[in-house]
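Input: one structure, supplied below.
By written order: A, B, C and D. Residues from 1 in each chain.
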Amino acid sequence: MNEVKTKPAALSKKDFISNQEVRWCPGCGDYAILSQVQKIMPELGVPRENIVVISGIGCSSRFPYYMNTYGFHGIHGRATALASGVKLTNPELSVWVITGDGDGLAIGGNHMIHLLRRNLDINILLFNNEIYGLTKGQYSPTSELGKVTKSSPFGSIDYPFNPPQLALGAAGTFIARGIDREQKHLQGLLKHAHTHTGTAFVEIYQNCLIFNNGVFSHLTEKEVKAENVLVLEHGKPMIFGKNEDKGLRLNGSHLEVIQLDGKTSHDHVLIHDETNKIQALLLSELTYLKDFPTPIGVFYHQDVETYDHMMIKQIDYAKEQKGEGNIEALFHEGYTWTV
Amino acid sequence: MNEVKTKPAALSKKDFISNQEVRWCPGCGDYAILSQVQKIMPELGVPRENIVVISGIGCSSRFPYYMNTYGFHGIHGRATALASGVKLTNPELSVWVITGDGDGLAIGGNHMIHLLRRNLDINILLFNNEIYGLTKGQYSPTSELGKVTKSSPFGSIDYPFNPPQLALGAAGTFIARGIDREQKHLQGLLKHAHTHTGTAFVEIYQNCLIFNNGVFSHLTEKEVKAENVLVLEHGKPMIFGKNEDKGLRLNGSHLEVIQLDGKTSHDHVLIHDETNKIQALLLSELTYLKDFPTPIGVFYHQDVETYDHMMIKQIDYAKEQKGEGNIEALFHEGYTWTV
Amino acid sequence: MAEDQQKISKTTEEVDVVTIRFAGDSGDGMQLTGSQFTNNTAIVGNDLSTFPDYPSEIRAPAGSLAGVSSFQIQFGSQNIYTPGDTLDVLVAMNPAALKVHLKDLKINGLLLLNSVNYTPRNYKLAGWESNPLEDKTLKDYRVAEVNMSELVANSVKDLNLSPKVINRSANMFALGFLYYMYDRNLDSTIDFITAKFGKYPDLAEANRRSLKAGYNYAHTIKIIRTNYRIPKAKFKKGTYRNIMGNQAVSFGLVAAARKAGLELFYGGYPITPASDILHYLSGFKNFGVKTFQAEDEIAGVMSTIGAAYAGDLAITATSGPGMALKTEALGLAVSVELPMVIINVQRGGPSTGLPTKTEQSDLFQAVLGRNGEAPIPVVAAQTPAHCFDAAYEACRIALEHMIPVILLSDGYLGNGSEPWRIPEYKKLPEIKTHKKTDPEDFLPYRHDEKTLARPWVVPGTANMEYRVGGLEKSEGTGNVNYTPENHQLMTELRQRKLDIIADSFPPVVPFGNSSGELLILGWGSTFGAIRTAVENALAKGLSVGHVQLTHLNPFPKDLGEVLGKFKQILIPELNMGQLQTLIQGKFVVKTEGLHKMKGVPFTQSDIYNKMVEMLKGLA
Amino acid sequence: MAEDQQKISKTTEEVDVVTIRFAGDSGDGMQLTGSQFTNNTAIVGNDLSTFPDYPSEIRAPAGSLAGVSSFQIQFGSQNIYTPGDTLDVLVAMNPAALKVHLKDLKINGLLLLNSVNYTPRNYKLAGWESNPLEDKTLKDYRVAEVNMSELVANSVKDLNLSPKVINRSANMFALGFLYYMYDRNLDSTIDFITAKFGKYPDLAEANRRSLKAGYNYAHTIKIIRTNYRIPKAKFKKGTYRNIMGNQAVSFGLVAAARKAGLELFYGGYPITPASDILHYLSGFKNFGVKTFQAEDEIAGVMSTIGAAYAGDLAITATSGPGMALKTEALGLAVSVELPMVIINVQRGGPSTGLPTKTEQSDLFQAVLGRNGEAPIPVVAAQTPAHCFDAAYEACRIALEHMIPVILLSDGYLGNGSEPWRIPEYKKLPEIKTHKKTDPEDFLPYRHDEKTLARPWVVPGTANMEYRVGGLEKSEGTGNVNYTPENHQLMTELRQRKLDIIADSFPPVVPFGNSSGELLILGWGSTFGAIRTAVENALAKGLSVGHVQLTHLNPFPKDLGEVLGKFKQILIPELNMGQLQTLIQGKFVVKTEGLHKMKGVPFTQSDIYNKMVEMLKGLA
């Protein structure tokens, strides 16, 4: 116990791998995401003991067990609320919420939108596989209309949420989307989410091999993905297509796809501006629009003062104004009498 | 009991007034809203017995007691879920949800966004007084940052929701805003909400005399309201100001206010299109923007098939395909043996 | 065993009862194998009881202890009440399955192993220090160590299938092996295979061949000297089918709705082990059943209350954590006096606990777990087939008394199965509702004298518009009323309604002795283990009786009297003594508890041994 | 009374105990008037107890029965345990107040009325058939019928105030009147008025004049022949202040946090009658208190669990319906073994029930209302001042044993007040936490032998990273573990922790007789009524004892023994017999219940009469 402490060596990915066996189905998209998270952690410059990973219930929510950090596997839908208590107790912590489309958007929808509104400095990774995995395959609030599942043998009659749009509507300050198989891209998003001060909402499309295999294949299969995915990059034009031959243009208040052949110039193509909320709202409309690519990357990003920061400020201010609280004085406030 | 029944006379407002004493504070904005609802009810062409008014808990949620219709004063935050069960049981009913900014957006936020997403044919009137009235004055999810209340003596550090934007983000199909004191306008909204097939979300600014008096006075006081309120009308230009001398124009992806003097022509003024979701999103941004008027009226309106309709269709289809369910046959499905 | 080299000559023997467990990796298809064996057992006319047990992970790591999935069946020519204690046959497809389950195999019991999986990597992963096939681990058992995968591969060589596919049909080999042992006909499973793999003829063929290969193999090997025939069980006359508990609940609900002339509404959120009720009901659309998959359990129960208000037979189902979330709404349901059934398919707690394991620890919550005085009737199912009756009874109470009713089932019942004597629909008890459409003298909170039901007037009924809510209200008008006397009156009325409900319960008649040394008082799914143990004890001449409660709130009126007739009372529960506390609290009578908190049901010997202990010193 | 025409000569009389109730419309300022009188009473050194009672509407319709708001105080020179049963003085500002409260006034009691409000419209609205001032309604009382509004108007003519403002200060007139009657000094209220209306000098002046007008008026009228002086109460030595229950809870929490060296975190959602705890704590920012107003009760308790995990003394408070919503999360809190306090300020149920009325009907919910076996210690406060001790004790148990603790208060305690002997902070018991920062031998679920606490390692502590959750876990490592033996072990461990907690409780020593005919066993806020009744009974020579439980789970270890020493046991509760069921369930001893479900506390005579009934036939 009295040994001389030496500065710890720089961490590497394996320092973030816990000793618990990973228990997802072989081939589940969750593996790839776990791997990216473990990879970027050493690069954040946060001591390992200051990282807390918090989840609800679902396949994805087993995530904390596999991270060699502090972790809390909560109850269904409540990870965001749990995380809020952790963050406010110790704002120094880097808090990561792992949730699913059921956990975060069905039962946990309310805490989600309230966290986004309050803007605590917490990172939310929403694993969207458009299905309830752990309970063996019922449709979720992101499943498409008409989907046949265990609980919708005649097809679901629920319209789905559009997660980035919901998050924008809830006053979120960092809204992004990634894909389990776009690993490099995902790493970038994760690091960006970390540096954002405020609540970062990262939707990650994740393939559930067992109950919803291939829902994102148009975005992940080599042959077609370039035609279907629009990679958003701040300050860059919104161009996509195998030959980078398509772009998005603003027409009145609508977006349209233009063909970038000789005739139409690149100049018309919209430049992505992460800080433009209106543009983010426009882009969020594309999630389910036919004939449009699906945007991934950062839709929106605006640093505004965080809730946790304001809480500290307020406490400091109160101490300044009233002096550090004195219990005896508190007890004796107002009229007292002595016998 | 064997009397000959005659066709009932046409109903009037007083037919919708229940025998219960109204128990809001004298001068509360709720009175005006109650009165408008009672006024338009006879004009809807719905038999009184087919109208159900459902609420949660809050000052506003006492509403059903005062309506001489079917009514259910539920529990806090759950009116939308309660109403969903009522509507699905009997889709013939005209179902009205009365809720507050606490009831509908704090504890009830999740059921709210899920109802909007599912698009059941239900009308939601959200009485937004930016405060918790019934519990005597704590800040609510629509109170402005910094608000001093019983539970925020040093000022609230919560950013508020923007209700129409949240509703749009939740895939709502009818989004509107009214004001307690704009009674004629409110009547129009209520009737419009009724004719909409799908979930209608109507935010109504309501003055709480006791705990939040005057928060909307810039929108209601004669002298100033014309400068601060933009009345949205489908197909009409977005003009406001005492002298109708200001308009909204689209500049790139942003809105701006233009002065309609000789120089700038009316032609630049944006025409309101209720069916344009992007425009609705743009307008929703104005809720808290300084230097912009506050829009009231219908932000967005799109008739798409309702959940209740799809449910009926699916049941009909199943009956068509499999025949009306036969209990004996169900019991004997699969392998049976007789002893 | 291997030293015996004599020539094989097979004989057939008759036995009464057999217990088999199929165990393997989650990916090995043990649940499917078990249910095929079950159907086949039903066909030959044995009584049976089954118990599936699977990991909470969708696919735990292959070969790990956590990934073991099992299916147990007891069948026989007598009444079978439980899936059995110890095993006559254990199928262990891999070393992990062997590790978890070997302890339950009888000495000299048969062990069927797929030897291909007993590699060093696998047996180490399962926590064996050396290969259990090679050390002395298995010396007390009869071991059929078969390279199933290889034998299957040989039989399907011409089909050019991948090793993965071949491995996956090893379960059919094991099934065929057992079919031979118990002298079965393969047809039912061949039909099943053909239907299931219809679109993939090669797969179908591989499975068929695997099944037959297993059958033939068993015929040829020396370790199976005898095969067994179990005489048909003596069932009460009737038509039977096999049924799972959650399925039986669903049937009971549909039947009750039809009987009461109502449509069925289900509002709920998926949760293990209750989700299957939602799955079944969502397939019953042609019965007019409306299923609403809500965003959470609160919306589930609130939509159910809305549906009850609007006139449907309204149902929600969940398990412990979801039940907890419904607590506030149940108080509302009590206050508005509307009929509905809330189903809790219990699982291991506290909190997320042991999601796929069974337990009876939500009894307190059901009877007492609400704010305020909010009495709710509680009905408990006892066996998979009894789930039908219990669901029907819950609906009856709800509709006849205008009250929410809680139905308790559990994971063991919900997923377990047994033969069900199919009732004639028209002979099911009538169910009358309190629907009212005549405005004369209508008062929404005027209570019927006999049932204490208030009238059920649904929106859409002309000239009877009324308002209701969760605030205290006046008897009669239902208007909000906080006066002291009225609150006392209404509180007592809500309690009195419970008392009245007990009037319709059948008398409590103990099985076995109706007075004497020892009464075993149980509730819910412990029925089978208790009944088996009590039958054994009676056979040994012990003075015992057995009462299994279906009604936990209110208790039957004559229960106190029955308790008084025994010198000792034993209350076995899969919890820490919840019924015990309720019984002592109500009847002020000393009882003994037997508590098991292991995620698995009682065995009959758990109960039997405890009985013997309590009676020791007595003749 | 009016027939007496003799000349007035005033005298001062000494009395021991007085009960006064101020009643009027919600807008009449009765709560403020009552609290002014209370402060003033404290200043003169009487013991006292108060009970505010107000409508759940913010402003019910003026003059309606539903709109009546009242404030009761009992004060005297002896120990005062309750706000009193029957009234010596009733102030009834309008006919509705008279209608609701007259029944509680003693024969010959003094009735102070603001006659201006007794118009035909008003008395009809209140349900009087004729004017109660003119018929025989008041013949048994001494009536001071005063046109307060007119008298106030006269006294402020020069200020040019609106009639509304004048009417609003009539309450000060009534207060002044009573100050005269009880020989008080006006200074404390004058100071208060000056501070409160500082910005509006005219208003301040009007209130001051009104107060004095009332004082002087009482001096001049003949009906007040005597004024009363109540000798100082004999308090234990110390410094005192008046304190409300919710305030005392807040103080207790802040003190416990400081003592344990922790910061205080509060996560909750407003609900009557618990909101004031949030209000108080949100003002304590300079104590480093963090208050998080969550979006609902679930987020409230979940943020609390998060805060406990991260190392704060974590608190949430709510009332019945909110408590119901926290049920699921409480199971998690049990499973993760983290320290926190969950406060339930009970109100009338079921459901929304009677939001502003008091009740004790959430005891079952606190002790038993969860899914799974999820034992949680339960502590109950007995008086407004005792709320401090109970809150401190709840924190102590939570921190010393690493366990969530439920603290039960109720509307009567939360809003009621009494003198509090201010403790010396440094003499409060020490509280030790289980925080651990040394990684050597660290296992997150290794339980301390003495307390069964697990180590409290908070995020930010290097080299001790660990994971926790709501699935069943291994003793020691805390890794997920579903094996049968482990679940049994952990279930028993969680239960055993409760048993150990009882080791630290003081012995149960009955007040009065410690054995004999009758024990009154109470819990929570019934303390005052029971103690008063028991003192009366003892004075009459009856053989009774009184035990008031602070610990409802676990019960004190010697409680069973104490129960055994009495022939009869009476358990009075503001519910239908919840403690009674728990006691009978645990100790298998017959008890008698006394149940009151009226939204109001017991009176001492409720209890006293029942005692006499139970003891009748005895000497």
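The definition used in the following text is that a residue touches a chain if its C-beta (ideal position, glycine included) is under 8 Å from a C-beta of that chain, and two chains touch if they have at least 3 such contacts.
This is a predicted model, so every value here is computed, not measured.
Participant: More C-beta contacts across B-D or across A-D?
Facilitator: Taking the two pairs in turn, the one with more contacts turns out to be A-D.
Participant: Could you work out which chain's C-alpha centre is the most distant one from the centre of chain B?
Facilitator: So the chain farthest away from chain B turns out to be C.
Participant: Taking the mean of the CA coordinates per chain, how far is chain A from chain C in Å?
Facilitator: 40
Participant: In whole angstrom, how far does the Cα centroid of chain A sit from the Cα centroid of chain D?
Facilitator: 45
Participant: Report, in whole Å, the distance between the mean C-alpha point of chain C and the mean C-alpha point of chain D.
Facilitator: Measuring from centre to centre gives 46 Å for this pair.
Participant: Could you check chain D for residues that touch two or more other chains and list them?
Facilitator: 56, 66, 285, 295-296, 321, 328, 331-332, 351-352, 469-471
Participant: Listing for chain B: what residues touch at least two other chains?
Facilitator: 57, 75, 106-107, 109-110, 114, 141, 154, 158, 311, 314, 317-318
Participant: Quick check: in the complex, which residue numbers of chain D touch chain B?
Facilitator: 56-62, 64, 66, 269-272, 275, 278-279, 282-283, 285, 291, 293, 295-297, 321, 351-352
Participant: Considering the complex alone, what residue numbers of chain D touch chain A?
Facilitator: The contact residues of chain D facing chain A are 39, 42-43, 45, 188, 235-242, 251, 254-255, 258, 263, 265, 267, 284-290, 292, 294-296, 298-299, 302-312, 314, 328-329, 331-332, 336, 422-425, 438, 440, 458-471, 479-480.
Participant: Quick check on the complex: what are the chain A residues that touch chain B?
Facilitator: 106-110, 113-114, 117-119, 141, 154-155, 157-162, 165-171, 250, 252-254, 276-279, 281-282, 285, 304, 307, 310-311, 314, 317-318
Participant: Which stretch or stretches of chain C touch chain D in the complex?
Facilitator: 55-56, 66, 320-321, 323-325, 327-328, 331-332, 334-335, 346, 348-355, 357, 359, 361-362, 364-365, 368-374, 469-472, 482, 484-485, 487-488, 491-492, 494-495, 575-576, 580-582, 584-586, 588-590, 596-600
Participant: Over in the complex, which chain A residues touch chain D? Could you list them?
Facilitator: Interface residues on chain A, with respect to chain D: 1, 18, 20, 47-52, 54, 57, 64-65, 67-75, 78, 81-90, 92-93, 110-111, 114, 311, 314-315, 317-319, 321-325, 327-328, 330-339.
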